[in-house]
C-alpha cells in the first residue's frame, strides 16, 4: 500500500515511451539504452527494444493483440465505473480525476476483463492498465477481477491476470483496501475447484495489488525488468536510509528469491502461457 | 504516562488533584470538598474532550503508547493463555503474538499484532510492523486452529507491514496475499477486533474474518493519514485533512460496511483502564463464540465470510 | 543422518551425570557450572541444577516419574527387539552391540511406548532413550513409534513423543532411513483425524529423528539448552571450516528461528503439556 | 570425459582406437581390421569390467560427473518441459529442479536433485545438496500437482541435504520432515527413480513414493560409505568395507523391499549413453502412469504408498 502510488506516478512518467518530434515519421527513444527507434519497428517487435531487450510498458489493447487470438476478446463488465462515494478531495476532487482519466483513456477504470482465445483455448483474462490512474485498485478493479475469477469458478476455464498497478486507490479509502480481501477470497474459491490461475506480473506491480492476486498464481510469470514490490523502493530507502542495491525488487530478483516461477521475454509469453495452461488444466481436453 | 496535546488541560487537573491529596494527607487538613470539586470538573472536561474528538485526535489515541497491547489483552481475556511461536521456516516474529487459551469454556486461537510501550520494547516488537514470517506464523496457527476446530480471534494493531529489505526479499507481498486467500477458506469462525491502529495490508493480513469490530478509538485505513498527505499534498503535516477524508474512524468503518460494530472504550480511551477495555472485548467476542458454537455446518461459516467481503465496494453499473 | 552418531557418542559421555567417588553418599558434578551436587537433591529437583539451571539428561523412567501420574504407564510393544538382518560388522558385530546394550539397560531398544495419564488425562506416549545406542532409530524404534501413532489414530488420545536420538541406526542400513518415512507417514494419518501431536525435543535430537517426527509436532516443545539439528555441529564445522557461533543449534536458537513453540523448563513441563493437550484436543471433554 | 580408476584399461583401448582411426584417415592406409580387432577387445573388456563391479566401484559410477542429470533427463523424457521455480518464501534453490511437462499424453510434475557436470555448474547447484528452500519448492509443486491431478515423478541424485549454517537456521530437519509427512498423504501417484546417488534424508525428502526404482548403478544409503567408515573405523578410507556392508546397490535395495525394481543402464553405465538411459526410464515410468491412470479412487493411491513404507523394517517380536 502506502507511498507507492506516489512513486508509481513518477515512474509512469519516466517509463511511458516518449514520442520524439522528428518530422515525417514517429520515433521513440529507448528507455533502456537511449537508442532512437522507429515506432513501427518497435511495435512489430512487441514493444521490446531490439538492441537492449528493454520491455516497454504496453496497454491492455496491445497485450491482447500481442498474445491472444485476433478478435477473440469478448469483454465483460465494461460498464462498471467508479463512484466518488467518499467525496474525496485533495488538490483535485476524485470525481474530477475519474472524469479526466476516463476521457483520456476511453475506458471506465484500470482493468479490462473478459473471455479470450489463446491459440484456440478459451481462457478468462484480466489486463490491468497502469495508464489509468496508475493502475490503482478501487472498487471497480476489485469487482471486475472478482467477477472474472468467479466466472472461472463457473466455466472452469483457466484464469490469467496481467497486473500493473501502483496499489490501492486511496481515494476510495478503506474499501480500496478491502478489494485485496475480496479478490483473494475469490481465488480461494477458484482453487477449490482446481481451475488454474496464472498471474503475469507486469511493470510495475506494487502495494495492494502485489499483496493480493498478483502473488497468488499457481504459476507466477513476469517480464524482464519488471518492478514487483510490496513497499515501493522510495519508502524502503526512507526506512533504511541508504540506496537500494541494483536490481532490487526487479523480476530477476524475485525469481532468485523464489517468488515467481519464470521471467519470460515478451516474444515467448504466448507459447509459454499456452503450454502452462494446457499442462495444468485438469478440466481441459488432452492434447 | 505520555499525554497527548489535547489531553493537557485534563492532565493538569489530575495533577492538581494529586497535589491536593498529598497536601491533605501530609498537612492533616481536610481538602476533600476542594478535591471533589476539581474531580467533578475533570470529569466534565474529560467528557467534553472525548465526545468531540477530531479524526486526527482519534488517530493519536489509537497510537497511544499506553494503549493495551494484544498480548496483555490476551492475558486479561483468556485463562491458561499459552503463547506459541514460530513460522517453522525462518524466524519467530515478535511483532505478531499468538497462542491458545480458554475464553470461558471455548478453546480459542488468538493472534495479534504486538506493539511495545517503550522504546526498548518497541524496537524488539519492530513497532508492531511484521515481517513475512509474522504472517506465516499467523497462518500456521490459523491452520492449526482449523485442524482442531478452534475459533480464531485476531487483534489488529499495526502501522502496517514492515517496509524493509529483508521483508521484501522474503516476500512480504506473498505472505500477506496468501493469508488473505487462506483466511477466506477457513472452516472455523474468525473474529477480529481492531484494538488500535489498523494500518493497511499489514492489518488486513490477519483480518479476513467473519466478524470485525472497531474499538471506539481505533482506526482502520488503506494508508496512514501522513502517508496519504505526503502523496497528495507533498506534505505529511496535512494529515489532519487526510485523516478526515479517508474516513477511518470506528463509526465510518462501520458505516462503510467493513466493521460490524463499535466496542465502547472506558471514558478517555482504553489506555485509562485496560481491565475495562478487556472486559468489553471479552463480552462481545464471547457472545459471538456462543453463537458460532451452534453452527455445525462449516460451509455456512465460509459462506458468511465470503459474502461479507464480496459485498465490499461501491461502483456504478 | 550422517556423522552425528559419532558426535552423539562423544556427547553422551560428556553429558552423563558422572558419579563422584565420595564415600558415604552419592554426589554428582554439574556439567553446567561444575558445582558438586548431592544426588538426592538433584533428583528431587527433576535433575535440574538448582544453581545454573542445567538440565541433565534423564532416562525414560525418570521422565515418566517426573511428568505423568504415578503408576499409570501401561507399556505397549515392549517385546519388539532388534535383529541384525544385514549381519553388519565393523569393529564389533551389530548383534553383539545389541546384546551389550540390552544387558546394560534391561530394555530391548531405544524407545519405550504406551498409554499414560497426564493429570488424569489419557495420552499416548513414547520416550526415547539416548542411553541405548545413542537413541539411534532402527526398525524397532520406527515400528514402535509408528504403532504408537496408529494407536492414537484409533483411540483418539493425544500423542506425546519425547525424542533423544543421534539419528538413524546405520547398522540397519537403508531400512533405518525408511523409518523416517514410516513414522512421518503415520503422523499424516494422525493429522487427518485431528488428534494433537506434541513433540518434546530432548537433548540431543539430531539427524533422521529430527528430520522426521521430532519436528512435526502440532506444537514443538523443548527443554533449555537442548541440541537440535539436522547435521551435527562437527559436520557443519567441517563444511564451513570455522567454529560455530555459541548457542547454535540449541533450543533457544531454534525458538528464535521459528522451529519450536516454546523452551520449557522441566519443572513447568507437566502443567504445560496438560494445558496444551486440553486446549488442542477436539476429541476430549471440555473442562 | 573423466575416467574412473577401474575404467583405465578400457579407456586406453578407446584411445588406441581413436589413434588408429586418425592414422588411417591421415595416412590413407587401411587399418580397419586392426581397429575392428581392438574394438572387439574393448567390448569384451567392458563387459568384464561392468559385470563384476564391487559396491565401491558402483558408488563411483553413481557419482560419475558425466552421468545424466535430472534436468537433462526431464528434457529427454518429456515434451514441452517447463521448469518452475521458487519456494514462495525465501529463495529458488538450484539444487532441486522441477517443472511440468507431457510424458506422452500424461501431464506430469517432475522434481529432481540437480548436480552439475563441472566445477562451475556444481558450485551453482551446490553439488546437488539442497537447502530447506529446495525441499519447500518441491513440496509447493507436489501440492500443485495434487491440485491439478498430475502424477509426480521424482529423480533422486544427491550426496545428501546440505550441512551448513543457513540450512540449519532455516530448518533443514523441518523441511525434510514435512515433506515426508505431506508426501505420504498425496492423492496423486508418485514415482521415484534413484538416478545416481541416493544420499540419506536428503534423498528421501523427495522419495516417499508409490513406486521406487533404482538405476542399475545407482546407490541408496542411510549414510555415505565414507561417512559411515569415518564413524565406525575413524577412517574414511575404509569406505570399501562400508559400501559393502551397508547394502546400498540396486539389487540390495530391491531385496530389502525399499525399491520395486532395477532399471537397466546402457553397457558401462548411463554416462555412456544418456538417450538410452532416458529411454529406459521413460518406458518404466510410462507403464506405471498408464496403470495409475485407471485408478480413480485416490484412497487406493494413498493406501498403497502408506503400506509400502509401513512394511519396511525388520525386527523380532
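Structural remarks
The chains carry the letters A, B, C and D, assigned in the order they are written, with residues numbered from 1 in each.
The working rule: contacts are C-beta pairs under 8 Å (C-beta built on N, C-alpha and C of every residue); 3 or more make two chains touch, one makes a residue touch a chain.
Remember, predicted model here, so these are calculated numbers, not experimental data.
At the far end from chain C, in terms of centres built from Cα atoms, lies A. Taking B-C and C-D together, the pair of chains sharing more C-beta contacts is C-D.
Inter-chain spacing, taken between the CA centroids of chain A and chain D, is 41 Å. Distance between chain centres (mean CA atoms), chain A to chain B: 33 Å. Multi-chain contact residues of chain D (touching two or more other chains) are listed as 88-90, 170-171, 174, 178.
Contact with two or more other chains is made by residues 191, 215, 257-259 of chain A. If you check each pair of chains against the touch rule, the ones that pass are A-B, A-D, B-C, B-D, C-D.
Within the complex formed with chain A, the chain B residues making contact are 160-165, 167-174, 176-178, 180-182, 184-185, 200-201, 204-205, 207-208, 220-224, 227-228, 230-233, 241-242, 245-248, 252-253, 256, 258, 305-306, 309-310, 312-317. Chain A meets chain B in the complex at residues 1-3, 5-6, 77, 79-83, 85-86, 88-91, 138-140, 142-143, 146, 168, 170, 172-182, 184-189, 191-192, 207-208, 210-216, 228-231, 235-236, 239-240, 244, 248-249, 257-259. Contact residues of chain C toward chain B in the complex are 191, 194, 196, 215, 218-220, 255-262, 272, 275-276, 278-282, 286-287.
Chain contact summary for the complex, chain B toward chain C: residues 80, 82-93, 100-102, 105, 107, 133, 137, 144, 147-150. Chain D contributes residues 88-90, 132, 136, 170-171, 174-175, 178 to its touches with chain B in the complex.
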